[in-house]
Amino acid sequence: MTIAAPHRFTGGRRIDISQLIVWTIGGILLAIVLLGSILTLRAGHYTAAQWRDFVVFGIAQGAIYALIALGYTMVYGVLRMINFAHGEVFMSGAMTTFFLADYLNRSGFLKAHPWISLVAMLLFSGLVSMTVAVLVERIAYRPLRGAPRLVPLITAVGASFFLQYTFRGLFGSGVRAYPAIPVLQGKLWVFQKTQIAVFVGVLITLALLVLFLQRTRAGLAIRAVAEDREAAALMGVDVDRAIVTTFAVGGFMAGIAGVLYALVFVQVQFFMGFLPGIKAFTAAVLGGIGNLPGAAVGGLVLGVIESIGPSLFFDGYGIRAAHQLKDVIAFTILVLILIFRPTGLLGERLGGEERV
Amino acid sequence: MRRPIRSFTVLLLLLAFVLAACQRAQPTPTPAPAAQPSPTPAAAASPTPAAQPTPQAQVTKPTDPIGVLEIKPGEPIVLAWMLTVSGGTAQLGEDSKRGIEIAIEDLGGELLGHKIELVGEDSGCNPEGGQAAATRLAANPRIVAIVGSSCSSEARVGAPIIDQAGLVMVSPSNTAPDLTDPAKHVDAYLRVAHNDKVQGRVAAEFVVNKLGLKRVATIHDGSLYAEQLANVFAENVQKLGGTVVAQEAVSPEDTDMRPVLTRIATQQPELIYYPIFNPAGSYITLQAKEISGLENVKLMSADGLLEPQTVQNAGQAAVGLYLSGPDLTVLGPKYQEFVQKYQQKYGTKPVAGFHAHAYDATMMIVEAIKKVAVQAPDGTLYIPRKALREALYQTKNFSGLTGNLTCDQYGDCADPKIAVYEVFSTDTAGWPDSAIRKIYP
Amino acid sequence: MALLETFHLTKRFGGLVALRDVDLVVQERAIHSVIGPNGAGKTTLFNCITGFLVPDAGDIRFSGTSITGLRPDLVARLGIARTYQNIRLFRHLSVLDNVLIGLHPHINYSLLDAILRTSRYRRAERTAEREARELLAFVGLTGKEFFTAVNLPYGDQRRLEIARALALRPKLLLLDEPTAGMNPHETEEMIRLIRRLRDERGITILLIEHDMKVVMNISDVVTVLDFGEKIAEGTPEEVRRNPRVIEAYLGRGAASGLGPSTLPLPGEA
Amino acid sequence: MIVHAARRAIFIGLVAGIAGWHLSLVGLIPAFAQRRLVGDALTFSYALLVALLALAAYATGRRYPGAVQRIPWGILSALLSSLMLFLLALLVTHLNLRQILLNATPELARVLTFGGGASGAGLVRLLLIGLLAGLFAGGLSALPRPWGRVIVSAALMTLLLGLLRDVLGPLLPQVVTSFLYGTAGLSLAGALVTFLLAAVLFTLRWSLRAKAVTARATAAVPATLRQPVTQALLLLILASVPLWAGLFLSNVADFVGFYILMGLGLNLVLGFAGLLDLGYVAFFAVGAYTMAVLTSPEVGQRFTLDFWIALPIAIVTTVLAGLLVGLPVLRMRGDYLAIATLGFGEIVRLLVLSDWLKPYLGGAQGVTRIGRPSIASWRIDSPQEFYLLVLLSCLFAWFLSVRLRDSRLGRSWFAIREDEHVAQAMGINRVTAKLSAFAIGASFGGLSGALFASLVGSVVPASFSLLVSINVVAVLVLGGMGSLPGVVVGALALVGLPELLREFQEYRLLVYGIVLIAMMLFRPAGLLPERIHRRELEEAVEEAREIAPAEIATGRG
């Protein structure tokens, strides 16, 4: 029995006014940005070298975002939750390592063996951050596995503030300045040497991370849990252990990011984790959360947009002190990505979960 | 026995509410805080003219349009500070706080037979902190007067709150011109720090006349102090024949200043003037020389960065940085004595530029209290608040550590001496002499 | 007369075709079953009908008008209610509230009425509560109005889910494996309940069911899906004899966890 | 068995010790060293330390049925914690850690050892106190049902009274004050009397409640609250606050009020509709800035409106802002929603901060000279007078919350919170339900912001940081999401108490962090769980027990 279809449906969901409004707003924003860029470029205040500088600064900042974003993305991939406290994990390494750096500097070791000192600082910072990350997982997240999603999110926010103000209480609210590392002073072509150190550090870390995930049993376990936790458990993977490993690895990278941050920006304080944390999250979402290369790409893209954006988008309109709007750009990108392309630029690796 | 009395007072209070409400409606619509301060004592309003307690005054409690503070025997006279003692600007406020503490110590901790108690609130060097601190201080009815605030932003929102509460504040380190601008000044506000109209002028003279630089850029951080000082500087540079090629802003939380510096570099300035605070100030110091086009630019900041932290944080990059600020080198032997006390008490030389000002502010307040306070035979002390304010405004040739202070009708009391310092070393152990030296005037 | 019709309904997920050209006609006041091995696309069909999924092609008509791509809540308001395979109650609300939420589209008062508690509000709330209690009585949950839904025994949860669906005053009720996890006695009762729904309330029923006994027992029409395609349709008797159906079940019987014995062979009751 | 018990005791002892290290080194314990509670001896620091030790003992002992086991194991872990504390005192005294750890001062060592110092005397003192704390905790928990609780509550009450000396002292009649309080903290006699009085009160309350339970009345407290007499009395007390509270307390009450308003608003969004909004401060900011721009002569068009005209405009603006935030996030859930709203909150703050909008919104310097309300000839000026306005607003918001909760809209929010998918299948329009939650919730925040701006007289961007949002979320979490009385309790505890305890200010965010984590771990429904929910749960459990005891699934609450 076949019936000739009287009407063949081709479109998607019928048009919804709320969606229409959202798309209109998005369109207007895009138009503003485009028009601003055109106006700026036609005015021609900036030389090519300056645009290049913007990109270089953006990449240096973005590389650090990328390193932190990797931690977000890994945890999200495995647990499907945002580790809100990740920015503080990053801060804890940088803050604590200041004292090591300061000690090395005072004792003259830093001058004598800068490379050894640097590696020691990176390792130390990584270990501190790792410990903090694992503790956070153990205390604030693990007991709540299986609770409604809202619950671990709230503890994550709590953990974030707890860590911030613990470090404030321990080390004070003042700003601490890392000693300069002699071999990293000065420029190489258009780059600062510290910036190059950051790129190299990020590349090495990323490579090690990929190797770890692809080539080790622990990495395999993490990937299995990320794919399907129940199935992995049935196959004999120790889920808790895989999750702890994820936190540990993510924390270690955040710690390394902390020292690299200190190389570029020198000053550290207890609040330093908050903004980079949010930005790194933005980067992770931008690249497609749960997707490792995505986090790296997202970080770089965000860094560059932040660096170029204020000049490119707003200068054309003659907006005063456009640089102040840098974070507005970052947050707007975050919101827009979440609205229009929640799977990010490179796509979400770990599908499966419904997000209607 | 007490209960009925209490409820009676409550009733009275209620009545007073209503009466006050009715009364207030009739006169001019100008609210109290906006009223202009009168340089001369309003004879009808202020109860006790400057002299020592008169026999009549000893018997009756004085009256005062904004209230009389009553200090019973055995109760302390409460002075308060409202300074930034945390975060990146902690040294600035801590330094001033020590000035107050030394002043109280010099008084032997006592005034008119009452102990002096010092309380305080951290005002965080931002408007919100000023708002919160002022609100808390205003709610403490025991406070006589306040030494503060540290940063001009704090005062801008804090002063009206203090004013409303009937208190008075003397700032050791606010320098923004706005605060004593005739149109914007609030009655409760005085300061012993210089007005930045002076600092900005001196800085501009130094840059244009002494250094011979013509193209300058300015950066502020959105704070009242920075914004206004940058503006005054810019105006003066233009007056002296220079050009201001860029006026930019950063926010105090920014860490990456390279983009904004690159924007400035497009205009090829010879000097960047950024009168802001730490840590943002140190970020600019650190990052400016990295920018292509700014390799040879001169950097200059102001008293907000006149603290060892600036040199500690920026390290080698700080060498060559110019800093304008109060000139402490021309101060007399009294100041040297003070510094010695400071060193004895805190184990370090003064860590910022406004310790002496805080000392003077405290002493000025104490003088004024002595003038207006009325002592009852039983030792109870009455301090009429409006009269206290007026006494402060009448301060003339008060000999303080920072010079001879005379207050004008808008609350400017300073005897401004501005110097420009240069950072020549990264050694902050013997701050200030080991790291900075005066080069102008 | 046909209450629900689908024409060439197609839905893909990436490369996987969940539904392919499915034509389905559900007659008014029928009990119509959809069967098929796991992954045959039954639940996808339900999701398309209720508006949660937008089909890639094809049309769905309800009482003659197209409802394709309509928002789920509008579909529900037209009179299509559903239950879920793994019970989805409002777990932390009371039994009564669960049903009252089902009545949501039928309660009419404005926000202002609610804030001022006008007579209109009170009347509407009273009527709604009465209806909710009636529905609870209908499914046999009287006396448990103020239990929290999670605290109900399993069978009661199933019944509550049906009561909640009934609160929408549906013309068509989609039941997704209503007897899953029930013991024979409970299953008996559920079958009776489903019959009563049609007989006493005149509701058309579209049913997904794995238990062949239930299917054969109550269905007027059975549609068989396999790999997203309709392979057979007819009375239980016809379907049971259809060789393609037997092949679909027997061929992969072991893999789908549904042994051949579950499919009652001809001649059995 | 013994080995297991010992391991447990040691573990808990160590954990408590580490907690002690943490609290000491972040400065919380030394900060309270000057705050005397009872007499000259008992400072708040000591009370905290003793509480920590007792808690360790209690946590260890509660596993075991009888006092015979409870007490010794409890003592063991309390002693272990004491040892840890002593170790810290030793470290602090003999190593110069101050360069790194701000609070590793000799003063800390003195506080930790109860004045004994890092010497034999200190050790003996600490161990003795550990022993007593263990004994006390073990003994208490071994007492029959109400007594342990009554004693602990009464003790806490006494400590609270001591803590609030400076606030309460001036309020009470002088006779009472001079009897209760010494030069600092409670006098010994005052403490004793307070303790006994409190104990009697708590016993009374307990027996009343027990009676109520046996009488099978539904939940005792709300029932009495609902009685008009109690309500009127409560209202009268609340309304009379400005008469007896003085400037300072009224000011605190105002700020608590602002947070109650915001809490009630966020409760609609988070508690009722289950949408975690981490950018709630945006609405507070919009309300405050609208009020500022409209009534201050400083910015914008240089015109000023009257407060009463500006207020509704501010609320309408916030509702629009609520819709604007709500629309794009309609399709998001959980974490994404939280982050997106957080982004919105920050965008609002950054925009009002910017130089770009400075001519309209005042930039970093904010806006001052904001208008105050006046009724006829009565200018509402002081915090005391403002209190009435705040109280009225809170009551209105409460009233609205109740009415909405009991309406079909409220039910549709609950449905969305419980299961968005099913809610839609039940004919609930997700768009209207969520948007109405956002819009109405926002309006409360806007009202709060407008009042805040007017009371303080100035608005500055820094007042609208993420911390405000977190603060409101913490208020809700502590009180219980969805629970209206919970909002009040949460605001009193998290906003009111820190204002009253000056030393506390610096640690308030640390405490928020602890509250958020601890509540979620140990009491996710909050201190005062949502009422309907609880009532149902109790009844259900009770009745279900009669019907089908085996099949009750334990609910989350």
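For reference, chains read A, B, C and D in written order, and residue numbers begin at 1 within each chain.
Going forward, contacts are C-beta pairs under 8 Å (C-beta built on N, C-alpha and C of every residue); 3 or more make two chains touch, one makes a residue touch a chain.
What you are looking at is a predicted structure, and each value in this text was computed from that prediction instead of being measured.
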A-B against C-D, pair bridged by the larger set of C-beta contacts: C-D
Chain ID, smallest distance between chain and overall C-alpha centroids: D
Farthest chain (mean CA position) relative to subunit D: C
Gap in Å, rounded to a whole number, between the CA centres of subunit D and subunit C: 46
Length of the line joining the C-alpha centres of subunit B and subunit C, rounded to whole Å: 74
Gap in Å, rounded to a whole number, between the CA centres of subunit B and subunit A: 41
Residues of subunit B touching at least two other chains: 222, 249, 251
Subunit A: positions in contact with at least two other chains: 16, 320-322, 324, 356
For subunit C, residues contacting two or more additional chains: 52, 71
Subunit A residues touching subunit D - in the complex, by the definition given at the top: 16, 18, 21-22, 25, 81-82, 99, 139-140, 143-144, 147-155, 157-166, 168-172, 274, 278, 281, 285, 314, 319-322, 324-325, 327-328, 331-332, 334-335, 338-339, 342, 355-356
Residue ranges of subunit A touching subunit B (in the complex, touch as defined): 45-47, 49-50, 53-54, 57-58, 61, 173-175, 177, 179-180, 187, 190, 192, 265-267, 269, 271-272, 275, 306-308, 310-311, 320-324, 326
Residue ranges of subunit D in contact with subunit C within the complex: 400, 403-404, 406-409, 411-412, 414-415, 418-419, 421-430, 436, 532-533, 535-537, 539-541, 543-544, 548, 551-553, 555-557
In the complex with subunit D, residue positions of subunit C that touch it: 50, 52, 71-73, 76-77, 81-82, 84, 88-94, 97, 100-102, 104-105, 107, 109, 111, 114-117, 121, 144, 146-148, 150-151, 153-154, 164, 167-168
Subunit B to subunit A touching residues, read off their complex: 86-88, 90, 222, 247-251, 253-256, 258-260, 262-263, 265-266, 278-279, 282-283, 286, 290-293, 309, 312-316
